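Note that subunit A is present in both complexes that follow, paired respectively with subunit B and with subunit C.
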Partner chain A sequence: MLQSAIDSILVLAVLLNLAMLATSRMAACIRTFALQSLLLALLPIAVGLRHETIPGAHAFVITAGAVGLKVFLIPWILLRVLRTGEIHREIEPFIGFTASVMLGAVIIVASFAFAKRMPLPTEAPTDLLVPVSIATLFNGLLMLVSRLKAITQVLGYLVVENGIFVFGLLLLEQTPVLVELGILLDLFVGVFIMGIIVYHIRREFDHMDTHLLDALRES
Partner chain B sequence: MTAVRAVLFVPEMLVVLALPPLLMSVIAKTKAWFGGRVGPPWLQPYFDLHKLIQKNAVYSKTTTWIFRAGPIISLAALLTAATLIPVLSNDSLLGFSGDIILLAYLLALGRMFTVLAAMDTGSSFEGMGASREVTFGAMSEPALFLAFVVMAVATKSLQLSEMIGPKLLPEWQIAGPAMILVVGALLVVLLTEACRVPVDDPATHLELTMIHEVMVLDHSGPEFAFITYGAALKFTLLGSILVHAAIPHPEGFNVLSPPLRVLELGGLAVLVGAIESAMARFRLNRVPMLIAGATVLSAIAVVLVLMRRTV
Partner chain C sequence: MTLVLTSLALLAIGAATSLLLTRVPRLALNLGMLFAFVAAVIAVIAAGDVLIRSPSQSTYEAAWPLSLGTARLSLDGLSAWFLMTIGVLAACVSIYSVPYMSSAVGREPVPVFCALFCGLLAALILLVCAADAVLFLLSWEVMTLTAFFLIDFHHERPEVRRGAWMYLVATHLGTALFVLPLFGILFARAGTTAFSSFAGALGSADRTTLMALFALGLVGFGTKAGFMPMHVWLPAAHPVAPTPVSALLSGVVVKTGIYGLLRLLSWLPPLPLVCGEVLLFVGVVSGVMGVLYALAQHDLKHLLAYHTVENIGIIALGIAVGLLGEATNEPTLAVLGYAGALLHVTNHALFKGLLFLSAGAVLHGSGTGEIERLGGLARKTPANALMFLIGAVAICGLPPLNGFLSEWVIYGSLFSGSIRGIGASGGLPAVGVAALALMGGLALACFAKVFGVVFLGTPRETGLQTHSIPTGMKTAMAALGLFCVLIGVLPSLWVPLVRSATIELANVPMGEFSTRIDGVLAPAIRLSGMAVLFVLAIGGLLVLRRWALSRAARRDVGVAPTVATWGCGYTQPTPRMQYTASSFASSLVTTFRGVLWPERMFAAPAGSFPATAHVETRAPDFAEHELFEPVFRGVARLFAMVRTVSWRGESESPGVAQSAAAHRRGPVRTLTIGMVSALRRGSIQVRLLFIVLTLVVLFLCEALSSVDRVHTTTGQDYQHTLSVGVNR
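Right after this comes the complex of A and B.
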């Protein structure tokens, strides 16, 4: 029962990756990210429950941190940045929406094939965990490189972090809470700074298309 | 042996043949209920078919025999497909190992002749509809086949009646997520193939936006009855594949199973009606996205189910 709940969460997380690749509305994209983070944040508790009857405080702290930061705070910051701008859609990414969904599916299949050959330090709680984390990581990377707007690039970065978060579940018992919280703090600072950068890009150029930063050259 | 089997199948086949217009009626009633209307009488599709059968067909001078053959061959292909798909019981009349390939191409044959008949009229609107139908049909085929692959791997069989039969039941426990994805993909395939919202709007009144309806504008009388009935039959057949995959009945459930299946098909019709009431059809250039999404769902399901096999 618990096993299939964990599996369902992981499969759903992969599908949300594809949904993020498919949506052009940035607000919807941010909300999808929040939903994915919420689902993934439940995993430490679920995995903990599988090992012992009551998961340690460790799992609860990580879950609380992930929910607070990635489900509420970061989406709130991003939506705020979005609201102050005029652009709400990704219009023409480098890779089209249908093509990037297809590419995302190829990444997922490839990560399943890859995960099979990967030696692991500890046994995974479920055999879906590693492929899903690799797939999420690379789908985030795809979003990061194929999108033009600063916000979607930030989202791509956050999705990459979600992938790492899933991978971290492998070492749930071994990693100190401090390290996990340090990662979350880094993430928060990163998004905070990127929010400021997006704001400045927009003030300078009246939009947040990072594409035009290419033209900045010393002459 | 086969003769006895064939006789035993007579009542089931009769019900299967009589059911499709009723399902269309269920969809119409659901949409009417959502709109706060009463809707047409339950038997309206049957009356329509009866009326059309009695009429004479009118043929344009530019058409050839292909135009006349189109509806007949399409309906014949669908009727043949009906013998391969288990609709009410867990068994099909003529099922054999590998019949899924025949099934997929019977559907494709029917579509091809509808398209040819549409092109034969020389009308630009019908050519446009034909091009759209073929595009979306070609895109939904991989989704359907990948879904078949999942079920074939799960049940180690290539016969449709076994693939979506009782053997699928344990698979829901082993690889539940994969099966949910397959059912989602099959639903999109059903909506695409049966030309329902959000892919195509069967009730639209503008030729420019139609897909299926625009191809059959020139057909009249009994041939139009064939087409209308064929569309309903296609919905029933694909719907029953979906229902069988979603809710596999265990073995030894023989008496209760057929009435339950009828109810489940009715439930599916209500669901389709609800989808049609709740959402508008997609813009034409968004539709490939939906179908590609279904293909991706099936592909992920294949990966999941294969992984469970090898571990």
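Right after this comes the complex of A and C.
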């Protein structure tokens, strides 16, 4: 029962990756990210429940932190930037949406193939965990590479972090809670600063396509 | 065995007679082809005898006049299957050649053609019956050379010389660099050149040796067969050869590569799983890329040549599943895979032979094979249109014709591989199924294009004359068409013939064959039956329509006017308004431009009264221009350093290296230039891309290096548990 719940969360997370690659509206993309983060934030508790009847405070703290940051605060900041920054609301990809989804699917297959061969320090709670984390990581990297705007790149970084978060479940017991919270804090500060930068880029240059930032290079 | 020897003797007599009768070329043609026909029929009888009355291994041995050991000939199931394919196709082609070549009598050395034809046939028969490495290699070489001279028959045209040279260079490189070392290793291990001793000598070979032998065979025999990167000679040589030779090349000469590979596999013990996976990948690439390139062609025989690459890919899929089945000890997979591949070998020879002969009839009648210039041939040569249609339906794998049958068996093998989780936990066979489906769909699009443009519509060029087709050519095509239909409609008579060959390859007991294959075949037979009913119903409706129309005409009732095909609703269409082959295929070619890299030269009409507009599309072969051309140019440059003598006109000398498109910006160059310039401009995304690529490479290294580690740890664990068990 619990096992199948964990598995379905992971499968949903992978599908949401593809959904993010396929959406053309930025706001919808940010909300999809929030949904994925919410699902993944439930995982520490679920994995904890598998081991003992009542999961430790550790898992609850991480879940609360992740929900607070990645489900509410960061999407709120991004949506606010989207509103106040008067950004053109459509994602402009380098690689077309269909092609990105295809690539995403290839990445998922490849990560399943790779995960089988990866030497792991501890045993994974479920067979899906490692492939899903690698797939999420690389899908985030794909978003980083293939999307044009600064704000979608922020989103890409966040998806990469989600992948790392899933991988971190392997080491749930070993990692001190302080380190986890530190990672979350880093993420928050990063997004906060990026939000401010994006806002200022728009104020200074009236657009925020990163490929037009080339004009800033030293020559 | 005596029958095979008789047929060889007849061929020798045929070759000698036609050379002796050089002064009376017409007689030489008739006699030479008669001998070839009789010899081919005798070969079919010999093969059929072995296939029906299961093998009574008969061998024939003779001492070489030179010190090469003994020449051994033997006929087992595998040889007999290929011998039958060769015989059936060669018999039809020799009937066809008489009227086809008689128009060249007096202008070209027809008796030499006959002699070479008999020589090629003899070499083919000898090749598949050889049971000795020396004899095998000798007949392999004779086959290569006779085929080269036959391709080069119209040698006054430069593109013919180029195609023939490419064939010679490609196949000799494959032989010298891969096939000879292969037999060298086999000889070194077995100590004799007899085929029968190879299997025993390889029983104890380690994994590395087996993989090396497989790789040598794959590349060496694959060059002859036309697996994807080594296929470059096929589209160059097939179209320029005289039509009977094209049919033989595509139908059987290419198949000798498959025969070589299968013969090698019959000696090897079950190979590691990775060999089957590699072959499956090769099959998928050859199949999909072959049909895509075919879609972008404008020349009838070029297009058919690329379809040969596609079908070789399908055969490779079957063999790959057979290998996977052997590696995992799954007799169902092995039987289905090998049987599907072998059936497709013969079926492809039949329908591709039919298509080439039919294309040759178009060429013979209209004088051109350019699809864009032809049109409306169905009204002028209805028999040929019907034959081409039969071949096209068969090659698309539609019921009730023979292509459907073998593709169905290969589908079945891939599905059962996928269900059993073999080959990357069933993923690779699943990819194979998807690729096979894609190939079928694209082949259908391609032949809809060819048939629609060449045979339907109205003639696109008024200047093209159309001769009627001689009876001899029609007979040969009708025979091949009849085989295609009969095999498709009555598979239960046909499929048991492949039993002994499959069993030799799959290493399963005799009774296994029918139990494994019947379950897969039953739905195919039902589907074929339904398709026959469907075709009959359509035929009935057509007859009814004709009857109604004639009645209406008799009663003088107003009948809707007939308009031109491809008229697109215009009441006064001209032939130039018709769909062209390029425009028909354009949407698909554009969809796949990422893999095809078609070139497009476009001069748009300008101004209010545009005088000229021009569009030209080509799909240059990736492997030829991006893979072999740089290599050969590098080799040429290397040799230019040591060469002191040069001769006039050397820049025009044929071959891969000096092809015209030297300054073309192909996909590789475009990508490299794009990458470098993007990096120089310093786009954030490109820098990120490089980081990601580095990461991917690191991941891959880790994945590959960890394989061994995983293996060793499990081994230790196993030993550990063992010792614990013993201690208890």
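What we mean here is this: the second predicted complex is superposed on the first by the 212 of 219 C-alpha atoms of A that agree within 3 Å, B and C clash if a C-alpha of one lies under 4 Å from a C-alpha of the other, contacts with A are read in each partner's own complex, and residues count from 1 in each chain.
The criterion applied here is as follows: a contact is a pair of C-beta atoms (placed from the backbone, for glycine too) under 8 Å apart; a residue touches a chain by one contact, two chains touch by 3 or more.
Note that the structure is a prediction, hence the values are computed from the model and not measured.
Trainee: After the superposition on A, what does A:8 contact: first (subunit B), second (subunit C), both or neither?
Mentor: first
Trainee: Name the contact category of A:117: first (subunit B only), second (subunit C only), both, or neither.
Mentor: second
Trainee: Tell me the contact category for A:141 with respect to subunit B and subunit C: first, second, both or neither.
Mentor: A:141 contacts subunit C only, not subunit B.
Trainee: Quick one: classify A:84 as touching subunit B (first), subunit C (second), both or neither.
Mentor: The answer is neither, since A:84 touches no partner chain.
Trainee: With both complexes overlaid on chain A, does A:101 touch subunit B (first), subunit C (second), both or neither?
Mentor: First partner only, subunit B.
Trainee: Touching A:109, do we find subunit B (first), subunit C (second), both, or neither?
Mentor: Both partners.
Trainee: Where on subunit A do subunit B and subunit C both make contact?
Mentor: Residues common to the subunit A contacts of subunit C and of subunit B are 109, listed in rising order.
Trainee: In their complex, what parts of subunit C are in touch with subunit A?
Mentor: 424, 427, 681-685, 688-689, 692, 695-696, 699, 702-704, 706-707, 709-710
Trainee: In their complex, what parts of subunit B are in touch with subunit A?
Mentor: Listed in rising order, the residues are 173, 176-178, 180-181, 288-289, 292-293, 295-297, 299-300, 303-304, 307, 311.
Trainee: Could you please specify the touching residues of subunit A with respect to subunit C in the complex?
Mentor: 94, 109, 113-114, 117-119, 138, 141-142, 144-148, 153, 210-211, 213-214, 217
Trainee: Which positions of subunit A touch subunit B when the two form their complex?
Mentor: It comes out as residues 4, 7-8, 11-12, 14-15, 18, 22, 97-98, 101-102, 104-105, 108-109, 112, 116, 127-128, 131.
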